[in-house]
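In this document, chain identifiers A, B and C correspond to the written order of the chains, with residue numbering beginning at 1 in each.
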């Protein structure tokens, strides 16, 4: 049976009722957060962080003196490249009779200005070798994990960056190149879960961070900009930063001070609870403006990203507030930062709200559900051809054939 | 590159189209090739049809317009656009011709010695139909030769000569028909000329209007030469009216005189209609002959005065007196004919025969009596009866000795329906000759403008008929009685042009054919005849010197 | 890329027709053009439909030129369009080349996918159009409605390859008339077109 929508409709009604009731409180909170930003005292903030001695439960970025400034875009150059990659994958599936997964990397090269052109491409790759299917601890060969789920997602992200790096290397030109990734530059899949340390070392330190290093090296010869674009970011790191200045305790020590207080009633909740960064920045930034930069300060980056610190800024594209993540070397050069802002803004304009290069890379990468079925059938057919009987789980069969 | 477009460009000029349907009884239907226009083809035109290993020879009997699309009538295409007009004509709108396959010309050399055979089958579907070539006509009708006389050209084929085998022609009685002014006389003159030229028969011509002997007039009143002027040594002109002959500058070879004793009751009964005699009155002549004796009856009868004597005669003969009286009245007219001599004739019959014997051709001019039908009929009938009787004797002799076979004789009569109408044909000598065919080597050339007046049986006995335009339904029926393909010939015949065109069909031609009659009356034409004459004379001389050719 | 008039490759085919995706956006032969594809046998087709569209049927193009002064500006600012939009050409199969020359008859096997599709030269067009046996194939084609436009443009193109242009057209017209007996209005319209 399909979804009983008549039933659901009532629940939806109820939900919207709730939202309506909360709305005003929500708006008030955002307004207060804006006030805090306006009156943000960088020195005060720094000293309070220092005093907290890390007894601070909130994930907050490193804020610099210019973080809450607003910047306009500049004129963009006539000639430039935009390169984007995106990926998708078919996970290991126990309904598929073979142990394998597939990563499809889509790429898009757009050359603007004289002799403009576009190259759209996708390269699927099947991983079925033993070494592909697991990650082994280099120190202890007995320790290994299977590549699937979150680890596969992380591996895919690594492949996206590798592909991007290769494309950048192929371009021999002095004109600006914007290398753009979809999502975050942080391998978020490896955060919050208890993945063995060797997995992070393998994928992040030996993989992703090395790529970033490579790109950094290239950036010293070419005018290379690296960025990732996060649409509708859900993060609230900046808002959380405001809790610091709003903390009513003389010494910040969350567990000590507030463990008995229910969320929502804490002093810092007044400006931060249940609101996210983009809600605030949507009121703070005018169309086309970006915020100053914030540096991500999390263990994964600090431990595995080597020297590649990741920063971000918020950008009002006109359609939404996006979060743009950039490596340290972009932040450090004013011109590169400004160009990144400008080019991404233009990409969004060309893409009607979303960077056009990412749209095309995504289109190249996307694996549809029918593609997935075809993939499974091809695997079965190939095994059959080699005389290997295949077993398809009854559940899988029932998904393919719907009967009464 | 042998491609369609090239075939299309280099079109075969003679190909008309192809056979698309048909039957033996109705002929075949031929769809014209797109580039052919119906207007370039005329009824009566000859075509050849190539079947697998046979070649058919046929005649166009009808022409139709066809359209593959019936809406063409209500919704004609944009013919103002010349391109569209060009395309549509011959394709969507096309021409159909009906062809009557007449003969099969075998393409096998061995078979060709038997000559063309009547078509007893039809060509298969899609056989190619072309305009008949000169060669085809020659194959069918033969080349001009010492027996074949060039009579004219097939319609629209100016270079092909249609030749008539004169020898074959005179084996039977023949007819020349056509309404007045259509060129009967010219045609007849040509035939006479052909017979003279080929030397296969002697001729006796009852020249009613005196137009064959010395000179005649064309329709536009131009003078044309008579036979005597062309073949002076072979033609003798006899005259009934010497005065008239001389007035026309003719010096007749003989002036015919007929005595009262020469007239027989049979001669009178032929004139029954012409003299408006009743049955009883006409029959009375036989009674008179019995009463007065064979040679005297006419003279005695006319000599009778009225009154008692006449009443007695009527009583004796048991004849109604009024009838007898009317007979006497009518016969009295003859007294006004100068060529009838109470004191006795000059044995013209013997004279004529002596000329004929010498292979000469006798033309009897009627002079002013030509306008008197009674005189014409009387003389023609009277002379012919006697000459025929003599020929009968010759023929009987020849039974014993074939070398004694008399030269065939062709007798030409005009206004033939007067002699050969159903009610008197059985009585006149002409009826006898026509029916007996060539029994005694005598045949007729019947010239008439009203063939429907001629007895059907006689008509069907005529071997070859050459007919100019006829428009009277009855005449058409009469001419075509007993001819196969009657209906189609009829449409051809009624559409002949009124000048110089004739349809020839019957015994001496393998198939009916429309011809444009050969020119007669121009200097060139005379030249042609004379050259032919010398040529054939020369041939004859050769024959005499070196014996008969094989 | 475009040596020997190569226009693209077969991306879909049946024994009646095939679809060509052109190598370059908007670089397609016109309706009525004779093209060839494949080898052994070489097949001939006539372009009957040209379409420009999004490569992905699920993605509709959206207006992009609001801020552009010129139409080319749209393509300059959006170079990916040349990749996302394609020009497709549909051809109807009209014959093939055998050892005996060109045969204008239905083909027994469709061209292979990715067969190169090449626009025929004038000589090839002349040779092909020297017979018009394929006309019935086209006239009765079940696959499209506007076939008459295709036929007329093909014939006009062909006529230019023949020395005697007008005679060719008359020949072609008569062939049409022969094949369209009973469809006088259609014939008339067709003839009007090729007579211009």
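What to note about this one:
Everything that follows uses one rule, which is that a residue touches a chain if its C-beta (ideal position, glycine included) is under 8 Å from a C-beta of that chain, and two chains touch if they have at least 3 such contacts.
What you see is a predicted model; the values in this text were computed from it and never measured.
Among the chains present, the centre nearest to the common Cα mean is that of C. Judged by contacting C-beta pairs, the busier of the interfaces A-C and B-C is B-C.
Put simply, the C-alpha centre of subunit A and that of subunit B have 118 angstrom between them.
Separation between the centroids of subunit A and subunit C, computed from CA atoms only, is 49 Å. Each chain gets a centre from the mean of its Cα atoms; for subunit B and subunit C, those two points are 70 Å apart. If you check the complex, the residues on subunit B that touch subunit C are 1, 3-6, 8-9, 34, 68-69, 71-72, 75, 77-78, 81, 83-84, 86-88, 90-92.
Subunit A contributes residues 108, 110-113, 116-120, 350, 352, 356-357, 360, 363 to its touches with subunit C in the complex. Chain contact summary for the complex, subunit C toward subunit B: residues 127, 129-133, 162, 164, 166-171, 173-174, 176-178, 180-185, 187-188, 191-192, 194-195. By the touch criterion given at the top, residues 56, 59, 62, 64, 75-84 of subunit C touch subunit A in their complex.
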